[in-house]
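This is the structure I want to talk about, given as structure tokens.
First chain written, first letter: the chains are A, B, C and D, and each begins at residue 1.
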Amino acid sequence: MIKVSFFAALREQLNCSELNLDIALPLTVAQVKAALISQQPQWAGSFNNVLLLSAVNHQMVDDKYNVNDGDQVAFFPPVTGG
Amino acid sequence: MIKVSFFAALREQLNCSELNLDIALPLTVAQVKAALISQQPQWAGSFNNVLLLSAVNHQMVDDKYNVNDGDQVAFFPPVTGG
Amino acid sequence: MNDVSISIQEHDFNFADELEKLEQDNQQDGAVVSFLGRVRNKNLGQQVTALFLEHYPQMTEKSLQQIVQRAQQRWQLGRICIIHRVGLLAVGEKIVMVAVTSQHRSDAFEATQFIMDFLKVEAPFWKKEVCEEGEKWLSPNQTDVDKAAQW
Amino acid sequence: MNDVSISIQEHDFNFADELEKLEQDNQQDGAVVSFLGRVRNKNLGQQVTALFLEHYPQMTEKSLQQIVQRAQQRWQLGRICIIHRVGLLAVGEKIVMVAVTSQHRSDAFEATQFIMDFLKVEAPFWKKEVCEEGEKWLSPNQTDVDKAAQW
């Protein structure tokens, strides 16, 4: 089980800020995205955006990063603070 | 006639902050220095310092700059503000 | 005081008070460089009425701490203060301040710029612009991406 | 207010008030970068008790104006404030502040640094350090000379 969070424009597109994903782990970040799309096919467009950023346990990671049980995963658009 | 001012360490070395120099003009800045040294030979050491800066009418100039009647000439060490 | 102070907050801050804290009992650092960012009234030619700032609470401070640590490894720094606001901010309101003290002016300048450059591309904040015509999430600026890449 | 404010003064200044002035009725400039320089308690390892700042009154402001004009030609700047104190200053007292507003953060950063770098090598100010052992005029720092040459 992992907790998955979404922020900003992505959160609004998905109309979801957080969900629990009960799935066999470990998986790569890319595989987590694929699992989300297979559960919610209408999310495919948002997740296929090449600019989408991923964080695991509050650290930016790439698509090949391994996600383990209990990890906190987050997806969000490029940041625009400051 | 030109007014000549001295600042900071140079002012203290010469023990003079300002003097009027009655002399035939135009002269270059280098010639003004030479004229000052000829009037006050003990100033030679201070004026032969290669780091000495010169300003005419409040603008930094080099030794070849022409000084005219009524100009305000100043000599000082490298600046250290800020 | 602690050498590094990082705060993410909804409420406004007093820029002068924060600088005062950086200088309290700090007589060795002759240089203080600071950056203050405010909500502009225009963006890409469009009239802006407000900005909404979202962030990723558990990650934001960690991300800023990592940027600060990289700056500390690179330059000789005294104290560092970062404050970033979140929530709804009107035109003219303060968004962010970064201030760095150092014994050396160029260290303070470079570190402040470094922190701002990486905050812009790494820290999980998102801006939504509120105009008369509606709301719009902002896209990152290519200039910002290039700037961070230059370090 | 005028876009450029330059002041050479014996009395102290309030950093926050000066920044406030730069931002009054100024909603287009989102970025404010500022530098504040104070009297350090140590220089080259020696304990300093005070600094005496001399300047060349008629030339100082003109020199700073020329530096500002060069910065304005180079970057897109909003308002600029320079305050430099003269006379006897105790450890911890403010010596100089430079603040620049701009629509672009990097313009404000670079212009502030540019103004400080040239102020250090062109503006007719001289520092005399007062220590327990006596007084000593300071020599320019080679780093400062190099920095100005880099622009």
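A few remarks follow.
In this section, a contact is a pair of C-beta atoms (placed from the backbone, for glycine too) under 8 Å apart; a residue touches a chain by one contact, two chains touch by 3 or more.
Please read all numbers here as calculations on a predicted model, not as lab measurements.
Touch-path distance (fewest steps) from chain B to chain D is 1. Relative to chain D, the most remote chain by averaged C-alpha coordinates is A.
With each centre defined as the average position of its C-alpha atoms, the distance from chain A to chain C rounds to 26 Å. Measuring from the averaged C-alpha position of chain B to that of chain C gives a distance of 48 Å. With centres taken as mean Cα positions, chain B sits 72 Å from chain A. Residues of chain A found to touch two or more other chains are 82.
For chain D, the set of residues that touch two or more other chains comprises 37, 105, 116. Screening every pair of chains for touch gives A-C, B-D, C-D.
Here chain A touches chain C in the complex through residues 5, 7-9, 12, 55, 58-60, 72, 74, 76-82, going by the rule given at the top.
Every residue of chain C that touches chain D in the complex is listed here, in rising order: 14-16, 19, 23, 27-42, 91-92, 103, 105-106, 108-109, 112-113, 116, 143, 147. The touching residues of chain C, counted against chain A in their complex, run 37, 53-56, 58-59, 62-63, 84, 95-96, 116, 119-128, 137-141, 144.
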